[in-house]
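Below, subunit A partners subunit B and then partners subunit C, in two separate complexes.
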Partner chain A sequence: MTVNRTTKIAAVVAFLAIVFIAVPAAISASGHFDLYYTLTSVALLSIASAGVWLTFYIGRINIGQGAYALTGGYVSAILVMDHGWSFWLTLPVAGLFCAATSVLIGLPILRLRGVYFAMVTLVLTEVARLLALALPITNGAKGIVSIPLPGALSVFGITLIPDFATLQNSRLAFYLLAVTLMVVCFAIMYRLVNSRIGKLCQSLQQNEELASSIGVNIAYLRVIAYAVSSFFGGVSGAIFAAISQSIYPSSFTVTDSVNFMLNCFLGGLGYVFGPMLGTLVLYFGWDLLFQTGQFQLLIYSGLMIVLMLVLPNGLLSLAETTRKKG
Partner chain B sequence: MAEMLEVSGITKRFGGLVAVNNVSFSVREKEILSVIGPNGAGKSTLFKLISSFLRPTTGEVRLKGERISGLAPHIAARKGVVRTFQETTIFKNMSVRDNVIIAHHLRSKASLFGFFLGTGTAKADEAAFGQSADEILALLGLSSLAHEIARNLPHGHLRALGIAIGLATNPSILLLDEPFAGMNHEETMRMVEMVRRLRERGLTILLVEHDMPAVMKISDRLVVLNFGQKIAEGTPSEIQANDKVIEAYLGSEDEAIGL
Partner chain C sequence: MEQVIANGLYLGAQYALIALGLTLIFALMNVLNFAHGQMYVLGGFITYTVYGQLGLPFVVALLASGVTLAVIGALMEKFLFRTVIRRSHREESTMLLAAATAFFFDAVILLLFGEKQRGVPKIVKGVFNDVGIIMPYDRIVVGALAIVFIAAFVLYMQYSRVGRAMRALAQDRVAAQLMGVRVDRYSMIGFAMGAMLAGVVGGLLVTITGVNSGIGGPISIKAFLMVMIGGAGVVGGAIAGGFILGMMESVGLTVLREYGDVTYLVIFAALMVFLSVRPNGLMGKPWG
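Let's look at the complex of A and B:
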């Protein structure tokens, strides 16, 4: 099954045209400006989910991404508020801080497999929340509020990104920021998975003992994958804090961690773009079900179970079967 | 012939159980040496010690004078000692060819980051791995199955794939744990032929095997374990005449050791 090069390029161009031109055009024509906020959230959540997907790819069920999103949000907020850093600088720093933390945490816990790793990561989200409540630097339950909007980003006196506070439409600006990062993130993921590194990750997922006996440094590779995953979590959390101009211990909870994982399941664990589609469908699905009131959660859970039974390889496996038949 | 691998006084305890007890022997270059013994004698444990999958309680293993025991498996592999598994272990959701390509890992000159960026070195590595994988598949008679997903292979071919994976790492010593298990006579004979061909290519081979006729046919020398201890060492004819060996195998079928 080789999709030829032109088809791939066409698909990428079409996708870019949709997210950068068609969606903003449609929103300003229809006046549904709140959609910007929704789609920005989807883009950011899909970045965090992409990280979770990468840990799945090395054979680990990760229910702890909320911890890194929360950490990233706090790192950015604290640097901006207490140290007067530019948001643009805090963005990579938040990601790197999470990556470094995840190396320290990952070294011991990545030895665990299956449900054991999953349980530990689940606890991690709760630990992050309790830390945020307890530490002086995070300001307890009151959180950090009134974070200024991202300022201008200039390199050598040339303004690359204007000050968000001066923009008439900062929602559009955040949308473009989130979508750009999403595109970059998924481009990185695509390249990772389609290079030899992807095969190495698969070798871990399928048989760690054998991988190690053919000379793969499995501990190292696991930690690298987990660090990249956590980097994505931190970056996405940092932008969330900037958009909502606040961060609280409850900004990312166990529910969010579980949702990141469900996004991956729903989109398909075998497809790089699975988490993107999964996030979109789950986010809008949940909103649509809002009409059903008290039955929202019940219907939602029921649908998820049915979907996983009918499509165990995720939504994107539909595309593959139709292509094979066609 | 020069000494290649030296196992000296190696012991492995699991709690109260001494699985391998003060075993010493050496393997010469380009030799086929088989380790035999009743079930539970400690053969697989011995292999895991040699390939650094387990840390010895006491004793050590040296490859060309350099200690290789008590390290990590991927480091032992890097130093040239590679073990294929007793259970048919492969990357079951990859194609046969990808299984062999990925196993070239130790030969890569490019770094992980180089592979991410697709540098010239990385591309050269990929091309070399692909070519070498095709050669190995041809050697083991797997060429026609190269694009099959590994889990769909019939049993005998799985075993061959396991060996192909081992070969791809370019080892100086290959440890084969029961490569003939579950094979019929014809498959076994083909495999015996293949193992011989590997030796002709300069490989030293350590073998654990239950199929006595095959072992006697293929081995230059044998080491016999019983309850974790080495009870005999010698050529196939010496072993077949050894009283201790016969005693150890009494209770099982006598013809098991070709008597």
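Let's look at the complex of A and C:
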């Protein structure tokens, strides 16, 4: 909070310049076009992780984000395939559908705390997978395949976003889409956390009874936070379905839910931008270790354990310790 | 009908034993051990190696599973969890550690034992077929052994010095420390015992269902379910949760057969409703 306004603005501008100009320029210069896909995934996963982070912010451990990502993906895929909707319209619908579902589910389960909430949300991921397998509309284990690429989006005859199928480089388009959404998402998060609601959420994290006794409507707040969290999950799932042009019950599993949570932990639970950094490090770490072949998971998890021993409060806590010393 | 109940009891006995280990670790350390299923798989593979490959008696194999896992559990507590709990601002950080160890075990198991489904020769041959129940003898033996282990565990917790210390620790860590209980030592023993239970069940069940490297995660989820039903951190709750889940699975598989593979969906839905009425499970302490 001690950082002054100009530094903040400079940092934001620098960040935007890097993701929108420097990274595409560097990629086209070096010719590593597959990096687009990696970075798109990082951006999307960090949106979902941001949602998980928000539930951490109200003091709940959320291991159920995979369920909403899967739901969002299916909602978008079904609307596009069966009802011929435009992808751009399904994107907010998928998010809102997830938010509405999460309100219904959240009302009872948000009364749970600690490990109980963690375990229930973990089970929720499994429920989503089983539902996707059992429901007739989701086409079972075969999933929904060959979803068309997002079409053009035009308002009053002006084309805002061109048809992805006609683009030469749809990877770049997806990258820009994902990064834009990520920036918007983290802007919302930052605004939310530094608002009155954010402060109230923090009071929930510390002591719900106390907050409630002062007159904070805790039931309302936590449902709102959970709904926003699920909205992010749904949106990121919907874009994932569009990029891979397919969705299966196994697209988002318990492992993904756990990973969303790990991203938050790794970045640091006390920092809004923690999930972004955590996702970047974890995803890239995993990708880089691909060359080690069968030892990939061993090294990856080993490093994670070591990191946890050295920096149990997340990567961003490094900055904090130096600031304290200074 | 008798068949359904017998199956339920058999499943319940195994499940209860799995849940006991998880709940013990949770009660003592407030750690949700994500790696519990992986410990189970590791125990299964050790029994497979000792009994199936080397041809040593089954009892030796079971002992080997238990002892190896106990050692691993003790080391994990001493070098990983204790350090992180001391250094971290938030208790939940142990979950990252637990998840990381789960991945680590997965990797180790995959490297050491491969991804193939492994089974061992039956420990007892023949099938029991009377009073409307058909059940292979080896299942009966395994079920009975599981019940014996559960009873032994409960008696040990109730009457031994170590058990008393651990119960004190679970009730109130600080108070136990003030009364002169060596908290660090008993946390370690508790973690080792929890891991040992997982290993022993793995060893028992490899004789019936076999084992493969991918079942760790699903087993962990089942264990979480049981603990939620019974209430986290309570021995009685874990046993009750295990038998309830075993029964529900057995009944569900029979009753819901014509609707396809929906048993677990129904169980999950029922659990959600149950937990919204009783957030702490059957016997859990408020807020774990």
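The rule is simple: the second predicted complex is superposed on the first by the 321 of 326 C-alpha atoms of A that agree within 3 Å, B and C clash if a C-alpha of one lies under 4 Å from a C-alpha of the other, contacts with A are read in each partner's own complex, and residues count from 1 in each chain.
Everything below uses one rule, namely that contacts are C-beta pairs under 8 Å (C-beta built on N, C-alpha and C of every residue); 3 or more make two chains touch, one makes a residue touch a chain.
A quick note: this is a predicted structure, and the numbers were derived from the prediction, not measured.
Q: After superposition on the shared chain, which partner residues are touched by A:M308: those of subunit B (first), subunit C (second), both, or neither?
A: Only subunit C; A:M308 stays clear of subunit B.
Q: Specify the partner with more touching residues on subunit A, choosing between subunit B and subunit C.
A: Partner with more touched residues of subunit A: C.
Q: If you stack the two complexes on chain A, which partner ends up touching A:K142: first (subunit B), second (subunit C), both, or neither?
A: After superposition on chain A, A:K142 lies in contact with neither partner.
Q: Touching A:K8, do we find subunit B (first), subunit C (second), both, or neither?
A: neither
Q: Per the contact definition in the header, classify A:Q202: touching subunit B only (first), subunit C only (second), both, or neither.
A: After superposition on chain A, A:Q202 lies in contact with subunit B alone.
Q: Taking the superposition on A as described, I'd like to know which of subunit B and subunit C A:Q294 touches: first, second, both or neither.
A: second
Q: Identify the partner contact of A:L262: answer first if only subunit B is touched, second if only subunit C is, both if each is, neither if none is.
A: Once the two structures are laid over each other on A, A:L262 reaches subunit C alone.
Q: Do any residues of subunit A touch both subunit B and subunit C, and if so, which are they?
A: After superposing on chain A, no subunit A residue contacts both subunit B and subunit C.
Q: Contact residues on subunit B for subunit A in the complex?
A: Touching subunit A from subunit B are residues 51, 53, 72-74, 77-78, 82-85, 89-94, 98, 101-103, 105-106, 108, 112, 115-116, 118, 122, 125-126, 165-166, 168-169.
Q: Tell me, which parts of subunit C touch subunit A in their complex?
A: 26, 32, 34, 80, 83-84, 87-90, 92-93, 95-97, 99-101, 103-104, 106-108, 110-111, 217, 221, 224-225, 227-228, 232, 260-262, 264-265, 268-269, 271-273, 275-276, 279-281, 284, 287-288
Q: Write out the stretch or stretches of subunit A touching subunit C in their complex.
A: Within the complex, subunit A touches subunit C at residues 56, 61, 105, 108-109, 111-116, 118-120, 122-123, 126-127, 130-131, 133-134, 254-255, 258, 261-262, 265-266, 269-270, 294-298, 300-302, 304-305, 308-309, 312-313.
Q: What residues on subunit A touch subunit B, complex-wise?
A: So the residues of subunit A touching subunit B come out as 191-192, 195-197, 199-200, 202-203, 206-207, 209-218, 221, 224.
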